[in-house]
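Have a look at these structures, which come just after this line.
Both complexes shown next keep chain A, but they swap its partner, so chain B is in the first and chain C is in the second.
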Partner chain A sequence: MSSNPDSRPNLYALTWRLPIIFWQLIFFVGPVLFMVAMSFFLVKNYRMTEAFDFVNWTRMLTRGFFWDSYWYTVVIATASTVCAMCIAFPAAFALAFRASESTRRWAIFLLIIPFFTSYLVRTFSWFVILSESGVVNAMLGYIGLGPYTMLNTNFGTLVGYMTLTLPLVVILQTVTMANIDKNLIEAARNLGCSAFRTIWQVIIPLSKTGLIIAAIFCFILSFGDFVAPFYLGGSQEPTLPILILDTTKSGQQWPRAAVVAIMMMVTLFAIAFTGIALAYRKGKGAK
Partner chain B sequence: MSKPLVVFDKIQKHFGTFVAVKELDFEIREGEFLAIMGPSGCGKTTTLRMLAGLEAPTQGDIRLNDRVMNDVAPHERDTPLVWQSLALFPFLTARENVEFGLKMRGVDKAERKERALKWLDKMGILEFADRDISTLSGGQKQRVALARSLVMEPQILLLDEPLSALDAHLVIRMQAVLTDLQRELGITFVYVTHSQSEAFAMADRVIIMGKGEIAQIGSPKDIYREPANQFVAEFVGRNNILSGKVALLTNDTAHIATPSGDFTVPTNEVRLIEGHNASFVISADLVHISLSDPNDGNKAQCKLISEEFVGSMVTLFLEDAQGQEFKVQMQERELSKFDLKSGAEVWLSWDTASAHVLNES
Partner chain C sequence: MMKPTLTSSLYGLSRRQLLKAGGAAVLTTPFASRAWAATTEINMLAWYGHGEPDMVAEYEAANNVKFVPKYYAGGDNMLALIAQSPPGTYDLILSDGEFVQQLNLAGYIEEMDPADYPLDDMLHEDFKQFPGHWADGKMYSMMLRGGHLGVSYNKNSVTAEEAASYECFWKPELAGKVGHFDWHLPTLGMMSLYNGNGAGLWDLDDAKWSAVQETTMGLRKQVGGFFDYGGTFNGLKNGEMQAMVGIGDWITGVLEKDGAPVASVIPKEGGIQFTESYSIGKGSEKTAEVKKFIQHMMSPAGQVKSAQMAAYPGFCVTKAGRAALIEADLAEATRSHQIDGDPQDPITLINEGHIHYRDIPQQQGLEDWNDFWSEYKSA
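Take a look at the complex of A and B:
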């Protein structure tokens, strides 16, 4: 904290940090420790009993259904991240470089509005649009296509994930790119870089940190989301959050659900850690 | 006179209702060092950006080597620009920055590296080739920016106030670097600046711009000694400007009656009419100082207000009884003979040939 070896801990500073330290201890460190402990408990007659047994861990981690679910969740959360980043980019690009200052401000305001309503409500509204007799299939019917099954498929899950993550990803990308020094883009153009090529050569390298953080957020939200895969994906192939739900419901297996939750947290920690390390990695020439 | 490399043909530039450039008509000669100078907002940077293709003229044609450039995209032009902010890519090393333009032009890797290193060496910063831009000093960054543009081996190099962020002693150093480079390479330099000392120290010709128009084009000496109008005279500074009415007109001189007295000036080619208003300037370094009344010739009695001391040159700021300001520039060792105190009364005088009548604009 201090470079001065003689200095004692500053009581004043410590006092002001106490609330946040308490908050972290009570609401984060405490529950996590409890969850870790719980993963070693046993369930007897539908009641949790304190124990120290590795049976939950071996049961979960040696089973095919856990790893199927794990890899399915990783893949679909990655797909969601790729989709969100790609769909958001043109919009964020236009808002950052083409739109006026006031248009950009309004757009960001409008992108915040979806967060005012419950995510669950927004997810349910997709039923009307995506069902066999829904709006999309009705319109496709006019031109002689369909009907297509969109609900209870991976497509449905991804639509749900986009509902959750897209506004946030667009905002993060827009803010990142709007802060780019426009001189650098013009300098690239001046040195023979076509407008389209500046995206790869200048804009993405310059907004790398913000883009990676947007992707991390998107992955974390999708990875842990229960609503989209449950209601729009039909949960035939359960994602990890659905697996947690199933595990707790069937036989009150809270300890085994804790194992799944810990595995999720470890994965997200690894993703966030590598992502942020990448985001802030200096150029190769750094000394 | 060499043939024009660039022609600005009745160029106008509007941003909405704001007129940045009213009408520009000038030529840039091949191999010259041209400075475009003016106060902020005069349209000098816009002019440079139009040449680089970063702004499109609202009206008129810009021709480079007789080719109309209006519809040529910036990346298809060979007009590298050195930016005021330098605009170096922070995610690349010094060498990668220099290689950027070559990479865009499809030059292969080995040649790119060789040419980049050659230019970094020429700029004296070879040892920093693989350093991150953020670890370089202002002067080093400046050299990387120059190398990045010059490695393209352009016919013309555009510079937008490139020295404005540097310390004073570095500015002088970089001025020498720039003039040497320009002579050696024979490239046309177009240098935009608000600094008179930079423009006059380096340029073969200077364009003075004001409010989106050219106020004067000429050699630094022409502009300094014979400003075309009051705007130039005031902008160039270190000029004494006197205004009055034409009292008497002879063959090649005129008497101009001002509140500070009657003065004789050469008419040159300026059309003067008796009884009409007229202004003239005398460069501050052409005014003599004496403690006693010089009796005849152009003279004014003044009180010393303050002095400004830069190196061996001193600028005196004086005022006569009518409140007319005078500036006198002289060598410090010359001034020390007079031993003047603030408020001292002195006489100023100058040769009639030193005065220069302004066009009324």
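Take a look at the complex of A and C:
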């Protein structure tokens, strides 16, 4: 009697999957479980002691400042995502459909270059540009405008987020759009579609998956970023990463910081899963 | 003419001799390395700047020691770093005065011998037995330097008369231009002083604590940002911030020396003193070396170095130190008012009751103050 080969685990395939499974267990599942456990610990004399107490959860989740930070972080990360997607789209469109293959390759290479330098250094360089005595205000001064306060504002925070996310979003959008079958676009144009309608009804639906992935990446990076809101936003309205720092700085309340971190992770999971579900959802008439 | 070979070289060495010399060199190399490694490493836990070359390089060269600094920001951070490290990790601990007591209670620091230090030469009586530095008649920390926190401002937008009161932070023209050093303790202390709590600024009952919170919240609309050490410097230097709450000459002094139009004064409601003191870490195996360094820092030369520290200035605490500073750097002594008879002389201000030593809240927990700080920031 021979057993059904489909019912047996494919050891060969499993062997190749093992490294990533181990990686996830050691560097993701393990730390997350520890963080969850830590959120129930107590701090005594600046030292964490093992316990199972809900005091950290009640203390954080019943405070107005936590929810203020939470919603502020959600809103500013959403604003960052919208800005990055809108700014990146024309650039990605031009690179995908108007630029030559070699120009696109060079452009992608140039977009990768910012990642060679420290994000912190790039952020600090904005001080010179955005301060009241900085480059932008000096230029505006020539036409009788300003000076405007740009540092320590939401605008400053958004500029920092763009520094972090924009190159990545442009790359993701470009790669996605470059892979669209050009015949479909030409067909739409031949059938009388306006340029705008072609973008709206052909290009965007066809690049939906990549666009949503780009947006998710942008949101995740902005949501968890500490540098931009702290240095360019002046920590006005602290975001959740700043709240984590504040919580650990005074009294070394790592367990309470763990509560904030878990809330952040839950939010990001929810957004990422929703986004991915949307990205891969089949449209009307799809097979 | 004979061609030189390895056996009869120009240097007169035979192959055997060459091999011997080479072998000896190889065998003695580890000992030579060990001789270099004999430099004693001193692990220092301190605020930024204390382990930088301008402070320790000369001493290191002269005494064959090497400081390995670990920097912290804030007493809580310091306590946590010690709590999370094995005993003996830190040989030398620079602590804010108000946290020495907690270091001692937790058993993190060694007892010190008062005879080893110039206590008789201190500029103020309080400095001889500074609060918290002694317990049961035993000394646990040596006061190194201090600094005063008050109104820090840009001279182009705040006048000296206005800066004479914390009221200036509410000046309408400063809306969005008042910055905070991002630590609740100095700011809330100042707000407590502004509320008229004077010497009882840290000892607030519920009513006074509520009033302090209300006063602080009233300032929120003026605030343009919350900054760390570097951000505070930048904010004042580039003019984004025209006044700062929670700091003093330790920040503006550096900028002032650099030509920025900023200053710090102690307002009529009073100011707060930060105090930095050296302790010897419990379990350190280098107590003799650490003691020698503390003695050096308490010497006139060490006090001058401390007053001139590049990261942030602090005033001398010994009479000999002040005299040496006046002699070595009159400009700095004058700028920082370390001149007898100067109305802003730190010692005079203490004597006149304008200065209150920084402390921790007496009737609330630090976490209550911190929670309010988070609330204030997100308001």
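Note that the second predicted complex is superposed on the first by the 268 of 287 C-alpha atoms of A that agree within 3 Å, B and C clash if a C-alpha of one lies under 4 Å from a C-alpha of the other, contacts with A are read in each partner's own complex, and residues count from 1 in each chain.
The criterion applied here is as follows: a contact is a pair of C-beta atoms (placed from the backbone, for glycine too) under 8 Å apart; a residue touches a chain by one contact, two chains touch by 3 or more.
For clarity, every value in this text was computed on a predicted model and none was experimentally measured.
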Specify the outcome, clash or fit, for chain B and chain C once both structures are aligned onto chain A. fit
Per the contact definition in the header, classify A:190: touching chain B only (first), chain C only (second), both, or neither. first
Please indicate which partner A:208 is in contact with in the superposed arrangement: first for chain B, second for chain C, both, or neither. first
Per the overlay, which chain contacts more chain A residues, chain B or chain C? C
Inter-chain angle, chain B to chain C through the CA centre of chain A, in degrees rounded to a multiple of 10: 150
Nearest CA pair across chain B and chain C in the overlay: distance in Å? 45
Following superposition on chain A, which residues of chain A contact chain B and also contact chain C? none
List of chain B residues in touch with chain A within their complex: 52-54, 73-76, 79-81, 83, 85, 87-94, 96, 100-101, 104-105, 130-132, 135, 148-149, 152
Can you check the complex and tell me which residues of chain C touch chain A? 73-74, 76-77, 79-80, 83-84, 106, 176, 179, 182, 184, 223-228, 231, 234-235, 238-240, 365-367, 369-371, 373-375, 377-379
Residue numbers on chain A that touch chain B, as the complex places them: 181, 183-184, 186-195, 197, 201-202, 205-206, 208, 282-287
Can you list the chain A residues touching chain C in their complex? 45-47, 63-65, 68-69, 72, 127, 131-134, 149, 151-152, 230-231, 233-238, 243, 246-247, 249-253
